[in-house]
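The structure is given below, and queries will be raised subsequently.
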Amino acid sequence: MSFNTFGRVLRFTTWGESHGPAIGAVVDGCPPGLDLSEANIQPWLDKRRPGASKYTTQRRESDRVRILSGVFEGRTTGTPISLLIENEDHRSKDYSEVAKAYRPGHADYTYDAKYGFRDWRGGGRSSARETAARVAAAAIARIVIPDVTISAYVVELGGDPIDREAFDPGAMDANSLNCPDAAAARRWERMLDGARKEGSSLGAVIECVADGVPSGWGAPVYAKLDSELAAAMMSINAAKGVEIGDGFAAARLRGEENSDAMRAGPVFLSNHAGGILGGISTGQPVVVRVAFKPTSSILTPMETVDSDGNETEIVTKGRHDPCVGIRAVPVVEAMMALVLADQKLLHRAQCG
Amino acid sequence: MSFNTFGRVLRFTTWGESHGPAIGAVVDGCPPGLDLSEANIQPWLDKRRPGASKYTTQRRESDRVRILSGVFEGRTTGTPISLLIENEDHRSKDYSEVAKAYRPGHADYTYDAKYGFRDWRGGGRSSARETAARVAAAAIARIVIPDVTISAYVVELGGDPIDREAFDPGAMDANSLNCPDAAAARRWERMLDGARKEGSSLGAVIECVADGVPSGWGAPVYAKLDSELAAAMMSINAAKGVEIGDGFAAARLRGEENSDAMRAGPVFLSNHAGGILGGISTGQPVVVRVAFKPTSSILTPMETVDSDGNETEIVTKGRHDPCVGIRAVPVVEAMMALVLADQKLLHRAQCG
Amino acid sequence: MSFNTFGRVLRFTTWGESHGPAIGAVVDGCPPGLDLSEANIQPWLDKRRPGASKYTTQRRESDRVRILSGVFEGRTTGTPISLLIENEDHRSKDYSEVAKAYRPGHADYTYDAKYGFRDWRGGGRSSARETAARVAAAAIARIVIPDVTISAYVVELGGDPIDREAFDPGAMDANSLNCPDAAAARRWERMLDGARKEGSSLGAVIECVADGVPSGWGAPVYAKLDSELAAAMMSINAAKGVEIGDGFAAARLRGEENSDAMRAGPVFLSNHAGGILGGISTGQPVVVRVAFKPTSSILTPMETVDSDGNETEIVTKGRHDPCVGIRAVPVVEAMMALVLADQKLLHRAQCG
Amino acid sequence: MSFNTFGRVLRFTTWGESHGPAIGAVVDGCPPGLDLSEANIQPWLDKRRPGASKYTTQRRESDRVRILSGVFEGRTTGTPISLLIENEDHRSKDYSEVAKAYRPGHADYTYDAKYGFRDWRGGGRSSARETAARVAAAAIARIVIPDVTISAYVVELGGDPIDREAFDPGAMDANSLNCPDAAAARRWERMLDGARKEGSSLGAVIECVADGVPSGWGAPVYAKLDSELAAAMMSINAAKGVEIGDGFAAARLRGEENSDAMRAGPVFLSNHAGGILGGISTGQPVVVRVAFKPTSSILTPMETVDSDGNETEIVTKGRHDPCVGIRAVPVVEAMMALVLADQKLLHRAQCG
């Protein structure tokens, strides 16, 4: 079943395919009276925009967003906000081979299996282009949670992690890889150059931290804050793993190491929990990490079958990122913002 | 906001606290005409039941389930199925100290922060006792997907992984740890004995495999099968990480290693994807792994504060598992069943 | 598809059949810290209870409600509140003839058509007994909206309307028909006696007024307050029509008659709108009327078919009300309370 | 809370204001492989389009719909279908007076009360212009239920009902009032001319019949087919009442008159139930009637207050229908189609 809406009270619906005329989002449930214009949204889209460096897809999109509803005289009215981004550079011919053969690692086969056929132009709905609509929607979510600061960055690329001791937020501006460790950034650039030359690709792990989340957001059971974040992050293209706080590493700690002690304030003496206990925020930074598989579109020939069942080989031409994880950084931030804004309103609903 | 319902068309709602009179679940949207009696549910509860070995909590519950509605003459009617399990062994006095001080790693502080006060008896709603209701609900979900076989087991305990070469499903019956590697089971038993003696606890990683899922279940974007599974698994107590297929390890592979090649059939030559591409099942086994933190209730004294803000130390007495991950095995299976049954019906809704 | 949950943030799920062991409701999303015990719920159930007069079904149920979760030391905790009411007087033998033949005006045929078979004991899930669970759930909703006063009463019975000039709230206590016009009550008693003797039944129209609803609850489009109320009321057994304010009569007014003029305050000079404009409350009393068809279970023989398709006649024995509308009064109040409490929380979510 | 999405598995979200740049709808959950192009949608919009006769608003809109996503090579792909209609003729200056004073019978006051301010241009989101998006969405729903034929028409205008004996579907094409009784149409034209000259307006009752609905669609309790239809119809601008089958008249019948007898087939000997019993379709025509209040925008001066609380008078200039009910006919059909298509998929989900 197609479900293109996310959120419980602050909800957004995205639509659009990679090579259709446009993509967009409808944001519903936004509080009224918030200052909003295209100028609040465009910078986030620019940050995500492809073509910004040689390490990301060379597709050229200006990604100009238009607000079509829900804003009057510069303020949100409380009614649905429709956002539209036109697709400009959609060269469908690049994908002609894909129309028949299934690209390994892509959704080609599964879409055909589910729906009986598919829009093969650039991956259709399975394209990461959909994430531009999320980033636009999230710009509105950020306005709903002005006291929350969200920052995502790459902490591992191709299996090579950053040095936590060398963590420098400022370093991210100095490289095009969203890497907070200058030395790692230099290594990664070489790795990416190598991967591209070899027609290969690399995976990455993104970390996202939300500061300023008060204690009390979230819920006890099936809408645990960590559960909502896991759903949100795992809905991003190429995501294969999500962890909160210490995550999988917590499974290797002992109880007394993992539990965050408290002192008067209250303050926590550590944050192994990633800012969430029992599904509810503790007031510490909310920390999530997301694993992205290597780009499936590669120049290395892969064995596959076509839609008639014949065996063949495929080389994915077109314009692709050697590491989709890098471009996922603003999308991870977007999903964090969208989940937290929804949770803020939900908390207010129940607890006043 | 409290959200105690999970699922989209096959939905279940759980209720109940650790030390209230009972817990239960209401399963709604179940197809009519399926054979169902308590005998279909009880074995799964027995499998989950505490007190089965010295490595799990010594709380004694017979966990007898009663079906109160939705079944007539041994068959589901299509109306909601209410399941009730009485709490028998609830010694609230064990938790008297908890009433004031916040147990590190527990939801005590966050529940107070959200709701202003909390039911401190045994963790109240945050207790893993809630998972019995899920296991009962999942027994019904399993009947909805009779062609799917679900198996979960511990693949790592206290940082010590199983040997994949020694994987033997039969070994699980020979130990009380849900461990498919006989040698690892012996090591883990010693580790658990040690941890208990030291008043400590250990974490674990659970793997769950669903065989027999046809291609085509799932959805493209915000209800991706992996996203639904991530939400489901992360809603389990003590879960801190979820991964699909190779998960975080996929982020360390190259594109040509990670993408599963196809041959006529179609068959896939590998399953790095864990049976899901683009959010939709491929027809291969669906593979999920979940990381569980070490039990937060330990005998090692921890620094904390009480609800008046005073600094104190706490030792969690009561009856606790040295490794909650072990008992999470049937719960992980339950959530897998509940997600897949819902997806089966959703697929049928849209695609006939 | 079976959907037994109602509400958006304050949600309740009901379960149970007429002749099963019990019925119940789970109320989720309730604000924490509200005083609640069985004593808050029981009076509403007593008001609804069958067997109170000769004009309602002679089924004897004590309808004792038990709270199984979500309340600690007399206050709501914010977690789901499970309510259980045991069925005591379920003489299934009364319904043996119904097992085969379809009772005209009942859900017998449609349940079989949908599900392939049905629980024929007392109508199963289609029985008005389900409404006891709503009344119990609504007792909690009322606590969420302490400033709102809800009153429902019969304004027409068997086509005979009350005299609005003789409207006297006190009159309702003096008759067992929830009738605010003493003279009408006397006429109706004779009509009901006559209908019963003839093996017939009568319909009724119920009016419900909610005072104290502030302006601003509701929503512009698909969750208009009137739309939510219409869905809520039309979900009650035997309801066939719903109107807000002047309703169908408004269609016979001219624009200048129907539009409620305003004066400083602001105050409205009339309330043709029934307290709702554009889906949002005006601050005036919210007024809803619901039409109930005559009881379908009658002693007059009716032509029908059985489940094998054979033509037959049926006389519905068992214990039935000559006018189900009378007993719908507390149920209409309940649905009004449940909708308004949900809307209060939704308004708080979006608008703070 | 703003909720601009309707439906459970076949869902649509509308957005847009009367005087913004555009309005639109996103239809999600549509089955794949259905033939769809703008040519399937445009005729329904043309039927609804304003300016078609002197009895409807003189606003001139070409209402050209564009499909922006979800369709590939002329067929639905199963992904969300985005529909866009540009607003062309939006003369905001007509509404300048409305910016301050509250129009009686309109949502002006309640929007201000809820949101603190409002988009006053043409009613903003409360404008009936939103219904164009529903009509467009419904064109897709109709394709999902090809065996269902839906017909709506005016059965009463200004308190003057049609003569059921003179019912002639063909008559509807011969008048611009969607009236199936030629003589009534002539009377109504005179009434409308009179009302317009007097600066007044009239109400109407619309009846909608869906033929070809099989038995078994719907649900037992809170998603009863009649409940869903009531919510759908009451969400239409100016709707104040909804009834199913005999509706309010059923409350005046006796049990033996109202219950539809059955004979072998099975066939029903009457259809007082309006095709729904126990919330589930019987296989007979589904019959709904909706009451629309008279247009609130009238030239007769009305007492009101402005947003500063000062008393004033208002005459609503602008371009308005003397009877909004006439133009509601295609909208009522649209909501019927949208509800039924959703129910078809829901039934398939649960019952296969």
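In this document, chain identifiers A, B, C and D correspond to the written order of the chains, with residue numbering beginning at 1 in each.
Everything that follows uses one rule, which is that contacts are C-beta pairs under 8 Å (C-beta built on N, C-alpha and C of every residue); 3 or more make two chains touch, one makes a residue touch a chain.
Just so it is clear, the structure is predicted and the values come from calculations on it, not from any experiment.
In this assembly, B is the chain whose CA centroid lies farthest from the centroid of subunit D.
Set side by side, A-D and A-C show the greater C-beta contact count at A-D.
Chain geometry summary: the mean Cα position of subunit A and that of subunit C are 46 Å apart. In this assembly, the C-alpha centroid of subunit A lies 26 Å from the C-alpha centroid of subunit B. If you average the CA atoms of subunit A and of subunit D, the two centres end up 39 Å from each other. Residue positions of subunit D with contacts to 2 or more other chains are 1-5, 8-9, 14, 29-30, 32, 78-79, 114-116, 125, 220, 346, 349-351.
Interface of subunit D with subunit B (complex): residues 8-9, 29-32, 78-79, 220, 345-346, 348-352. Against subunit D, the residues of subunit A that register as touching in their complex are 1-5, 9, 11, 13-17, 20-24, 26, 28-30, 32-33, 66, 68-70, 72, 75, 77-82, 84, 114-119, 121, 124-125. Listed in rising order, the residues of subunit D touching subunit C in the complex are 1-6, 8, 14, 102-107, 109-111, 113-116, 125-126, 130, 156, 158-159, 195, 200-205, 215-224, 226-235, 239-248, 250-266, 269, 272-274, 276-283, 291-298, 300, 302-305, 309-311, 325, 343, 346-347, 349-351.
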